[in-house]
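Here the structure is laid out as structure tokens; the discussion comes afterwards.
Here the chain labels run A, B, C and D in written order, and each chain numbers its own residues starting at 1.
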Amino acid sequence: MINRDKDRRDELTAAEFRELFEAVSSWGRWGTDDERGALNYLTPARVLEAARLVRSGETVTLSLPLNTRLGIDNPAPVDHHMTMLGDEDIGSGTLRFAKDYVGADYHNPSHTHIDALCHVAFDGALYNGKPSASLTPEGATADAIGVLKDGLIGRGVLLDVPRLRGVPWLEPGEHIFPDQLESCEREQGVTVGEGDILLIRTGHARRHAELGAWDTDSAKAGLHPTCASFLAERRIAALGSDGNSDTTPSTTEGIDFPIHALTLNAMGVHLLDYLQFEDLVAACEREGRWEFLCLAAPLRVIGGTGSPVNPIAIL
Amino acid sequence: MINRDKDRRDELTAAEFRELFEAVSSWGRWGTDDERGALNYLTPARVLEAARLVRSGETVTLSLPLNTRLGIDNPAPVDHHMTMLGDEDIGSGTLRFAKDYVGADYHNPSHTHIDALCHVAFDGALYNGKPSASLTPEGATADAIGVLKDGLIGRGVLLDVPRLRGVPWLEPGEHIFPDQLESCEREQGVTVGEGDILLIRTGHARRHAELGAWDTDSAKAGLHPTCASFLAERRIAALGSDGNSDTTPSTTEGIDFPIHALTLNAMGVHLLDYLQFEDLVAACEREGRWEFLCLAAPLRVIGGTGSPVNPIAIL
Amino acid sequence: MINRDKDRRDELTAAEFRELFEAVSSWGRWGTDDERGALNYLTPARVLEAARLVRSGETVTLSLPLNTRLGIDNPAPVDHHMTMLGDEDIGSGTLRFAKDYVGADYHNPSHTHIDALCHVAFDGALYNGKPSASLTPEGATADAIGVLKDGLIGRGVLLDVPRLRGVPWLEPGEHIFPDQLESCEREQGVTVGEGDILLIRTGHARRHAELGAWDTDSAKAGLHPTCASFLAERRIAALGSDGNSDTTPSTTEGIDFPIHALTLNAMGVHLLDYLQFEDLVAACEREGRWEFLCLAAPLRVIGGTGSPVNPIAIL
Amino acid sequence: MINRDKDRRDELTAAEFRELFEAVSSWGRWGTDDERGALNYLTPARVLEAARLVRSGETVTLSLPLNTRLGIDNPAPVDHHMTMLGDEDIGSGTLRFAKDYVGADYHNPSHTHIDALCHVAFDGALYNGKPSASLTPEGATADAIGVLKDGLIGRGVLLDVPRLRGVPWLEPGEHIFPDQLESCEREQGVTVGEGDILLIRTGHARRHAELGAWDTDSAKAGLHPTCASFLAERRIAALGSDGNSDTTPSTTEGIDFPIHALTLNAMGVHLLDYLQFEDLVAACEREGRWEFLCLAAPLRVIGGTGSPVNPIAIL
């Protein structure tokens, strides 16, 4: 096992990565047919507990507005165009309708979305050993977004790493290490537990708002792969971030997205990518607590590798 | 005022419709700039009350699966195609990704969706008197879906009209009258109140499942326009149905979608269209109650006339 | 046989229409398996003859610009958006690329396009008796646009009806009768013959340019159904117009698009819809002749019902 | 000047590339406002000469079928789906329609297309010194595909390099050198001249048909950059290939697509990419000649960086 407290060493060798992968793997834990992964931790009883966290009834979006403009961090803008406008002259008593089309290649840095477990294959297999041939031109036949048809609903916990460090945001390329997550817990007075939807703030969206877009494919703050042990020990149900949870560039030998592999593939943990936490931070500060009822309701895409979503926190 | 108890007369004259429109109108009630309409009834305090309804933690989707197949009731199938598959031969230690595109002209009878208030113009105006010129080729500049960026979350109440009548579904073309809604309340032991998300079941989805698709543009069960008085008196926040709430063909003189005009336009009530209640009915029967925490989180489409959604009930 | 010279009677009964359909039908003429229809008239020898018509080498587009703006005559705007822009700062010696997406639901009044024979079914059958079940959600398995993979290339002949009448355009709803086509021939000194691509000008595009858009689904000038006899006798290979060849509203009992049925379905004549002839008219006037090498090269859509095209005249 | 006969040295230094760029540049040749580039060589007189090459009237497509299947050489499949099918039961005398949508991010290795001059920027400028800021999210405001609204029509000449070498195809990564183009001319009895549409066969499509898809982003046969001198001296109007004219990987220092830069950017020569020549080779062999009337008619995309096309040869 990697000693995550020791040194915050950036680099991870291929062998160390593989050791970590095996250590955190949930394959087989819920049977060989399981496609829900860590969602198994999120029982109805925990949904009920999460609902009891509501105190003010305030609701807060965690989604960015859909971005329709091509840019350095938006290689695939959202398609949005009116499909009915009814702009003819109309007389009294007339009804007319406006309609629009919305579409997205949503796995992209400008769109808030959820990754299904089938979003990533490692060594030719999806989560729980499903063959990567389950990925077909017509969609995924295993580990697809359909396991979340009834929504991802549970206790949300926000760990705010820039707040801990007293900075507005982490700089692109910076790693978050597991001891920092524990420091956030102590500082914020909250403990991540079984079945939680863990949200980790890097300040990505605030940096974007203040400094403008940058090439997130080149540099982005995120979790160091050793955080996977923390996530596995706490038995979280899902993970979200204002980035995509991974640090870019990767410092893991031969693996560009180690956290994607360790969560989606090894642990069966769904990822919420490119959330915005600015409204939520303000509400949490006001309420003096960092836990809340959290929900995301993916579209029911048959065979989908995820979905655009508008996750909501209810305080 | 129309006596809704008297006779269940199908036909409504243009004059009667206009009288009804005026009677239920909320224009000006929350100021001349208001774009939230009946969402104003759904205060944080009511969200909190709704959260307290959760008892089992069971969650249930109210959405149909996205339908990608052209058909008589699906003139605009959902676009869904893989955009990355990575089907090359890969060696050990390799990570690869699958991505997909999803898009929809979602205001259509095969797609579960929400209508923004700007979806319909009447007499050249949107809800609260916004000019219909607010509908531009780039999107709506008033009454758009953005008012729901923090989600539609509140108490859901399901009234099951076929259950009341002892039939599996209402036949296409049948009207629901206001006294039947009251009978449902009595029969089911629930009373619709201020700020509720009212869901009315016609059995549309079950009929579809058992008999197959039909031309819903020609015939569909829904609410008689006189139900608008009931909705206005109860001060509901939003209305949903397994159809689109309107009866087809319309029996209102000169108006094809009277309920759309009366809710979206006059009352400022958002509509959830083409929900499926089959899973929810089973859960409600099991729990012996017809109220629950209900949520829908529209995508953050700037200027959008609505959104595809996956609404969820939490019991 | 209907006497087309007699009376220019607008109305056609259902029985007269069916009689006309039978009279002009080419079903079986080139075998029971034929899917090329009147393209059989357009032999290589005729292509060679058409190429010899070139005298000046001037080329002229017959296409409208692609229209991306929703409007009363454009219910399905062309999708066009950049997919790569490379707008980052770049140093000396750097290469970067711009790319775009273009897509269309092209069978619409604002888009120049060609109709494949499978675009229309009549009495449950496509051209030459192919079953309408050949139309599947994956595309057409018979009479599809693939028969034109090597292009539609031949002698083009333009008959200019407004010029004959001394008006700038025909008013929406006006019929062109067969004797007027013959008058155009005499006036312009050209005779339509076997294998020709016949182009008929109504002035639609000029009216649009001068008066603005109108609801072409309500009113549009075109050919009276009795013109089908003229087309069949002359053995044209294809037909084009600045409208869609049909008059709207139809005056044929029970049939909204009689010319579509008579050409695509009965005769196997492909249609070029919503061409613009303004540049061509100027060139023809200058050259003093109304025949030229004409070409259209549909995209190779497998199972397609047509294609957007940019047809060209070479004088 | 680089001596192209000397050594067939693969590598080109950045300085040699820049020298070559300057040597072949046409900037300013047709005025500072010119956006047509080498199309200026293709005068109406040359179109007329090209039309006189037609002898048999046989027409042959140079386009691949549109490819809707995601694959290693097809990262952006063509969108094709039916938008109207009319699959209801219909009675006698009924007409119904089938329609489809077709769309493409067409600058991709599986789609036959044309590159507009604005497709590539070098050192911050488009062809003829237009600023790269002409590339906007709404489209290109200079050097766009609109200069070809009246079609690309002229003499086509096919040089078949695998035929010269006695091989079925060039292997991925192989360069074609200018002396080989001259050898092709001698062998095939044809001389490339001013205003020609020059087509160069590498056997790409045949290799694909026989061996299946491969990763063309990694390896592909094409022209060595020194061929640009040949192209400039012969004053061709446009260049086409069954690949994209460039060799991959590039052996030019710091420039991935040297031929794109030298043709589109320096010379103002439009490129036809991913043609298929298999049908054309058979026809040319049969006719014993390698010149023909050649045409491509891009869609009229306003501000477009190119277009999907179906180019045709007429023999």
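FYI, a contact is a pair of C-beta atoms (placed from the backbone, for glycine too) under 8 Å apart; a residue touches a chain by one contact, two chains touch by 3 or more.
Please read all numbers here as calculations on a predicted model, not as lab measurements.
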Quiz item: Rounded to the nearest 5 degrees, what angle rotates chain A onto chain D on CA?
Solution: 180
Practice problem: Answer with same or different: of all residue numbers used at the interface between chain A and chain B, are over half used by both copies? | Solution: same
Quiz item: From the centre of chain C, which chain's CA centre is farthest?
Solution: A
Exercise. Have a look at C-D versus A-C and report the one with more C-beta pairs in contact.
Key: C-D
Quiz item: What is the distance in Å between the mean C-alpha positions of chain A and chain D?
Solution: 43
Self-check item: For chain C paired with chain D, centre-to-centre distance based on mean C-alpha positions, whole Å
Solution: 29
Practice problem: Could you grab the centroid distance between chain A and chain C? Build each centroid from C-alpha atoms only and quote it in angstrom. | Solution: 51
Quiz item: Residues of chain D touching 2+ other chains?
Solution: 70, 79, 81-85, 87, 137
Quiz item: So in the complex, which bits of chain B are touching chain D?
Solution: 70-72, 75-77, 79, 81-85, 87-88, 215
Quiz item: Across the complex, what residues on chain C touch chain D?
Solution: 14, 18, 43-49, 51-52, 54-61, 63-66, 68, 76, 78-87, 90, 92-107, 112, 118-124, 132, 135-140, 149-151, 153, 254-257, 260-261, 293, 295-312, 314
Self-check item: Complex contact set, residues of chain C against chain B
Solution: 69-70, 137
